[in-house]
Structure formats: C-alpha cells, structure tokens
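What follows is chain A paired twice: with chain B in the first complex and chain C in the second.
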Partner chain A sequence: MPSLLENLAQYVIEGNAPKAKETTDALLEQHVPVADIVNKGLIAGMEVVGRKFKSNEFYIPEVLIAARAMKQSMEKVKPLIADAGIESKGCVAVGTVQGDLHDIGKNLVTMMLEGAGFEVIDMGTDVGPAAFVAVVKEKGVQALGLSALLTTTMPAMKETINALQEAGVRDRVKVMVGGAPLTQAYADEIGADGYAPDAASAVDKAKELLGLAA
Partner chain B sequence: MTPRQRVLAALGHREPDRVPFDLGSTKVTGIHRIAYARLRLALGLPERPPEIFDPTQQTAVVHPDLLEALRVDTRGLASGNPAAWELRFAEDDRYSYYTDPWGLPRRMPKEEGRYYDLCGHPLSGATSPEDVRRYPWPDPADPARFAGLRERAQAARDTGCAVILGGICAGLTEMSLWLRGFENFFTDLASDRPLAEAMLDLILETKVRYWERALAEVGDLVDIIQEADDLAMQQSLLMSPKVYRELIKPRQAVLFAHIKKQAPVFTFFHSCGSVVGIIPDLIEVGVDILNPVQVSAAGMDTHALKRDFGRDIVFWGGGVDTQRVLPRGTPREVRDEVRRRLDDLAPGGGFVFNSVHNIQADVPPENILAMWQTVQAYRG
Partner chain C sequence: MLIIGERINSTRKAVGEAVKARDTGFIRQEAIAQAEAGAHFLDCNGAVVGVEAEPGALVWLVQTCQEATGVPCAIDTPNAQAMEAALKAHQGQAFINSITAEKAKFDRILPLARDYKAKVVALCLDDSGIPQTLEARIRNADFLVKGLTAGGVAADDIYLDPLVFPVSTSGEAGLHVLETIRHIHAAYPGVHTVCGLSNISYGLPARKLLNRAFLVLCIGAGLDGVIADPLDQPLMALVRAGEVLLARDEFCAEYIAAARQGKLE
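Right, the complex of A and B next:
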C-alpha cells in the first residue's frame, strides 16, 4: 500500500489540488516531518511532472494543474518551513528581457524551479539590465534566468550580461538563458553560463550550475 | 503561366513554371514595418510613409510597386472593422496602448518596441460557461466589416494573382488563451471542460458566421481563405494530442467543412511550432495548406515533411529558417539554406514560397534579397 507521502506525490502529479491539500493536512496531523512532506511529497511529485514534460507525456495544462496542487499544498507547510530547518536550494531571479512582453515560458520556469525547492524572484516581463543588476546586488540571488521569445529581443540578453560585468557582479551570479529562438550556440556566444530548451531542463541546469546534485 | 495559374498549379500538387512567391498577403506571411522600409530603400523604390497592415505585429502594407518588383504571385484581402470600433491609441511614460475589437488590451514599449503584446485578459475572472456567454461580443456579420470588400476582391482578382482572404480573428485556442489568460485557459483544458468548451464554441460560432457572410460576398473571387491557431511551441504541442483531438479537432472539422460548403476555396492554416504530430489530423479536418512550417522546431524537417505528407498537404512557408539564418546568417548562408529548402519542398508542386512567419525588424535587406534571388533563379 502506498504511503501517505507517496499519495501526496501522486496527487501532485495528477494535479488534484483538493486531494493534495487534504493529504498534506493528514501528514501534518500525523506529525510527519515537514522536510519529508516537502521533499518526498511535493518536490518528488514535481520531479516526475518535469520528467513527463520533457518526454512529451505531459503538456502545459498538466504541468499547470500539478504546479497548482503543489503550490496550494506548499502554502499549508510554508509557515512551518523556517522552524523545520529546511534550506532553500538557492535563490533564482527570473525575468523576460527588455522589450519582450512574453511570459508563459518564464512562468513555467518559475513554477518548475519552485517545485524543485528553489526560492524564485519573478521579475516579470520587459526587465531592463539595470533591474537585473539591482536584484543581484540587493537580493544576493545565486542565479538569473533570462527569457526571450523574439529574435529581436535576444540581444537584450547580451546587454544584460554586459551590464552585470560593468557593475562588477558578473562573478557573483550564474546566468541561464532560455526561450524559443535560443540555442546553446547563442548562449555561448553571449557568455551565458547555461541554456535550457524547456522549463523542466531549466531546473536541471540550475542545479548543475549551483553545484547541487541533479 | 499567370501568377494565379502558378499558385493554383502548386496548390493542385502540380509543378508550376517557377516556385510561387508570397510576401505580405496575410498577417502571417508579411514583413515588419522596419524591415519593409529598409527593403524599399535597398530596391531603390521611393520612400513611403509606413502603412500598418496589422497593428499588433506592426507588419507593413506591401505596396503594389514592391509587389510587382518582387513578382509576388498572391494578393491579400482583409475584411474591415466592426462599426462600433475604431483604432485608438493611448500612452503613458513607458508604453503605447490600444484595445482591439474583441476587448483585448495590448501595449508596446515606447522605447525600441517592435510589437503590441497582450496586457490583460477580459475573461480572466470567468468561472462558468454563462460568464463566457455574457461577454459583450462584436457581431461577426456586422455589415461594416464587408463594406467595399467586393470591390477590393475584384481589384485583387484583376491583378492576375491568386487572392487570399483573411479570417476574422486568431484561432480557437489562441483567442481562448488570450481572453481567459494563458494559465487560466490551459488550466481549464485540464480541469474545467465546460468552461473551456464554452470559450471554444464562442470563437467557433464567430468564425462560422463570419465565413458565411464573407464568402457569400466574395466567395467567387477568392482562391484561398486563411485561418490560424498556434497549437505548438518549439519542442512540442501546447496540449496533448489527446486533448487536441477531444476539444479542438472536432471544432476545426466543423469550421473547415462549413467554409468549403460556402465556396470552392483552398483552406490555409497557420500554426507555429512543432505540429508534426497532428499534421494527419489537420489533413483529415480539411486543411489544404500548412503554414508557416517552422523548420527550426522539433520534428519539422522539411525533407521528412515533404516525404511523409507532401501528397496530401501544401506547404506555404518553411522557405528559410527565421530564428537564426534569415536574421543572423550571411547572405551566402541564406542562399544555401533557401536552396536546401527548395530542394526539399518544391519538387512536384505543393509548395508556395514564404519564409517562416513574418520577416522581422532585425532582418537585413541583403538577406531578404538573397532569399528572393535564390527563389527566382531556382529551376529544380
């Protein structure tokens, strides 16, 4: 018989928010450690979702309802996380670059990173280089995720990396890039640290760049 | 061959005297105003104040002198706006704004802006099919849309080119995503079917009523009608083939069957991204022509597409990769890429040349001319 934690992971995978929340409550009542609820329930579920997304078994709708189930359950355990001594995997700021107003891809990356246990600062769309510099300086993020849908806004990624260099903070942060027209070759050309072809791979890339076990 | 005969031969899967060429006939085969101004200059054509064909994508009206200079074989035709709507812009310190006839608000950065993008979703708060049905919806058969259409259709036919008539709005899925908000509608698809179906039905009915009226007006003067629905992204479909087949495909079948009942037109369907997995479905529902054939997306290799589907569907686009080669390649790379795509797609007809989607602002005119010269010189 599957354990309650396995059930929780399964409800996240199925995107069944009511059942996921109910199971989270039951686990809390049974005094199951919060770290286990998060890691073996919620994050374990989202890992499967990411794998299914990469292998075209899941598509955007399934990912979104899974993320919703994860998020709503996470709300229940959030107040307990600090006391439980769970360390965040790291803090990543994600934004669509200047001149570009597209955010679906960026939002998927945000959800996947959160689902993997990262703290994510969502900077929104049309984010100028100065704002990316500021978030590195002021929030101490370890990685930046730059998104662009358009060939005409891809150059803003290069400008953002240049701005980080000029501000003397380039070495403090890993820069990942993604978006439909992006390629590894372009990422290399502009001096980004990493590229990911989809939102689930972005999580793998973030883990790799921050030296976390994949 | 006249340009129209050339296009009709290609659409009939017969090889024409040369590959037919489209630029600017639809909202998805055109050219951005900035690239257009540069191209006119490069061709030595007189400067003209920019005329915008599609405000959202900021594509240019391609003027007759350029259509003739580049021997464009097609002519686009678009219906007008509803009587109660007019294009009005507002701005603040960062953005310029307008709201389209469907109540969708859009904005473009004032600095370096290239396109208007959605900045609101008027049906994001809907929780039931009734909320969707209560939305104030413009009349698709509003006579103001069709004022002067017949005269313009006749003028287009008189050029001797093939005439393609645009649709009333974006696709079933796209319009639903835009009105509900992307995350809302994707979530509806997975967990609130009645709401999703109410959205899709609203758009379907709009399209059906529009085509009825439009083709009653000009069905005898139009060769091709243009529909669209972006169903895929770079790596895969947006939704699973199963969800597509349950919710979208049956409505596409109704739409295309209804269109073909009105007039003997070819149906042109645009969907970006990796749509290879549903091409057989599109053929089955009555799509004659696939556009834009996004060659850089997963599984969209032109050689394989032509081999697997070339007998049953016409490719209109796919002539050159536009995510890298056209904007960033050298003219020589453009020539090599165009020749490769022509070798893949042109034999036996079934191909109309266009790049992949609109030529964007960052494409240098020498690359557009390298593309065009290669098409014109191509003899198989």
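Right, the complex of A and C next:
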C-alpha cells in the first residue's frame, strides 16, 4: 500500500488540490516531519510533473493544475517551515528581458523552480538591465533566469550580462538563459553560465550552477 | 476574407537560412506557392539577420516576392527604419505589420502608414503590456481606431489584431478574442479585424484541430482577415465554407470555383 507521502506526491501529479490539501493535513496530524512532507511529497510530485512535461507526456494545463495543488498544500506547511529548519535551495530571480512581453515560458520556469524548493522572485516581463542589477545587489539572489521569445530581444540578454559586469556584480550571480530562439551556442557567446531548453531543465541547470545535488 | 500568407518568416529555420544566403529560388518558390493558394498579401519577416542588417534583408524579400508573384507584401518588423526601407522598395499598396498603441511605436509608425498609404495591422497592445482583460483590449482598439483615423489612415486600411494567446495558460484567451472582434465590428463599421491563429493552441495536443475550430468561431464573430499558412488546405477550405455560410460569397461563386480546383478536399 502506498504511504501517505506517496499519495501526496500522486495527488500533486494529478493536480488534485482538494485531496493534496487533505493529505497534507493528515500528514501534519500524524506528526510526519515537515521536511518529509515538502521533499518526499510536494517536491517529489512536481519532479515527476517536470519530467513528464519535458518528455511531452504532460501538456501545459496539466503542469498548471499540478502547480496549483502543490502551492495550496505548501501554504499549509509554510508557517512550520522555519521551525522545521528546512533551508531554501537558494533564491533565483526570473524575468523576461527588455522589449519582450512574453511570459508563458518565464511563468513555467518560475513554477518549476518553486516546485523544486527554490525561493523565486518573479520580476515579470520587459525587465531592463538596471532592474536585474538591482535585484542582485539588493536581494542577494544567487541566480538569474533570463527569458526571451523573440530573436529581436535576444540582444537584451547580452546587455543585461554586460550591465552586471559594469556594476561589478557579475561574479556574485549565476546567469541562466532560455526561450524558444535560444541555443547553447548563443548562451556561450553572450557569456551566460547556463542554457536550459525547457522549464524542467531550468531546474536541473539551477541546481547544477548552484552546486546542489541533482 | 483577406489572407496574409505567413510562411516567409525568418524565425522559421529554412527561411532564416534562405534570407541569410539570399537564396532567391527558395523565396520565389514560397511566394508563388502562397499566391497560388490564395494569399492576398505575403508576410515578409527578416528579423533573423539582426537589427542592422534587417533593412537590407527586408528590401530583398519584398523585391524577390513581388518579382515572383506581383502580389503585395505585409512588411513584418517592429523596426521603423527597416519598415521604411521596405516600403520604399514596395510596388502598390503594402501592409504594415504592425503598429501598436505603445506611444513611441505609434508615433514612429503612423507617419509611415500615412505617407505610404499602407494598410496596417494594429495590435491591441499599449505601454502597460499585454492586455490581461477584455476591457484593456477594447480600450486599446478604441485608441488605435481613433488615433489612426485622426492621423490620416482610412478606416478601410485598418486591420485591428485583438492578440491571440494560448488557451492552455489562460482559459478565457479565446473568448476574449471573440468578444473583441464583435466589439470592433459593432463599434467601427468599415474597420477590419485580423489575427494569427496558431498561438491559441500552444501547449496542447492536436493543435491544428484547435486552430481550425478557432478560425471558424472568429469568422462567425466577424473576423475578415487572417494571418495563416495558405498551403494548409483544410484551413483555407474552412475559410471558404465560412464565407458562404455568412453570406459573404455572392452566389457561392468562390466556393464553387475552389471546389472545381480541388481546393476543398
């Protein structure tokens, strides 16, 4: 028989928010450690969702509904997380670069990173280089995720990286880039630390760049 | 129904390579195939070469397409300099793709539309970004119609694009487009609407099915222009069938002609 934790992961995968929340409550009542609920239940479920999305088994709405189930369950354990001594995997700021208003890819990456236990600052779309520099200086993020959907806005990624350099903060942060027209070659050319072809790979890349076990 | 053929877009890999290599044969073939399939305008996008080389690429695309077919082009760039270069090279009435309600872009593109007497695709988008609500779309449509006509663009040359987003991430994306199309045709008789289709189905299975169903719904709401692949024969057949059913095809003449040419199969 599957354990309650396995059930929780399964409900996240299915996107069944009511059952996921109910199971989270049951686990809390049984005094199951919060770290286990988060890691072996919620994050484990989202990892499966990410894998299935990457392999084209899952479609976007299925990712969204799973993320909702995970988020609503996470709300229940959030107040207990500080006491449980769970450390955040790190803080990542994600945004679509200047001149580009496309947010779907950026939103999926945000969801997947949150689903993997990262703290994420969603900077929105049309984010200028100065705003990225500011978030590095002021919020101490360890990684930046830059998104672009247009060939015409890809150069804004380079400008952002240049701005980080000029501000003297380039070595404080890892820069990941992604979006439909992007390639590893372009990422290398503009001096990014990493490229991810899809939202699930962005999580793997973030872990790799921040030296966390995959 | 006005058809803008979308195939000559340099973000498609094969087209991008042809633009970089100035492969005239390839572009001619794409242009002729679309014109024969019923495209009234040929979209030309050369963005892949980068901002500095874009004017030259667009001029070459426009000239190559027009020499091959004599069909006018829709010049697809946000770059005013490239737009003007291509307009200068264009014979007959061109389509500007596109203008928006973003202040700086509106001010840069409007004089080109007026001076070159071009048709314009006007995206319902302003400086606050992509419209999240129906009200925002309608506000942008209102601004564009008033601003363009006041600026000397004929109502008949205005094609408002309500902006199509995936239903996979926003469930009401399709509904908002349909409502916006209805509003525009009710509020501004003589002004046209146009949209692309394929965004609607992003992230979902059987995308062509959704694209086609959406096209039919849009035509029903009043859409009278579409940016699409004219070589998609089932899609074009639906356009023709829709026009018959909405009494936009006198004596069903286009429909019958298409049937005789084997284009409804």
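Observations on the model:
The rule is simple: the second predicted complex is superposed on the first by the 214 of 214 C-alpha atoms of A that agree within 3 Å, B and C clash if a C-alpha of one lies under 4 Å from a C-alpha of the other, contacts with A are read in each partner's own complex, and residues count from 1 in each chain.
One rule holds for everything that comes next: contacts are C-beta pairs under 8 Å (C-beta built on N, C-alpha and C of every residue); 3 or more make two chains touch, one makes a residue touch a chain.
The model shown is predicted, which means the values in this text are computed figures rather than measured ones.
A simple residue count on chain A separates chain B from chain C, and the partner touching more is B. By the touch criterion defined above, A:Ser3 lies against neither chain B nor chain C after alignment on the C-alpha atoms of chain A. By the document's definition of touching, both partners, chain B and chain C, reach A:Pro61.
Legend: residue contacts after superposition of the two complexes on their common chain; A:Asp198 is shown touching chain B, with no touch to chain C.
In the superposition on chain A, A:Gly15 makes contact with chain B only, while chain C stays out of contact range.
In the superposition on chain A, no contact is made by A:Gln184 with either chain B or chain C. Of the two partner chains placed by superposition, A:Ser88 touches none, neither chain B nor chain C.
Residues common to the contacts of chain A with chain B and with chain C across the two structures: 59-61, 64, 101, 104, 107, 126, 150-152, 181.
On the side of chain A, the complex with chain C involves touching residues 59-61, 64, 101, 103-104, 107, 125-126, 150-152, 155, 181. By the touch criterion stated above, chain C contacts chain A in their complex at residues 10-11, 47-48, 50-51, 78-79, 125, 129-130, 166, 168-169, 202-205. Every residue of chain B that touches chain A in the complex is listed here, in rising order: 107, 109, 111-115, 117-119, 182-183, 186-187, 189-191, 233-240, 243, 296, 322-324, 327-328, 360-362.
Per the touch definition, chain A reaches chain B in the complex via residues 15, 56, 58-62, 64-65, 68, 98-99, 101-102, 104, 107, 126, 150-153, 180-181, 183, 197-198.
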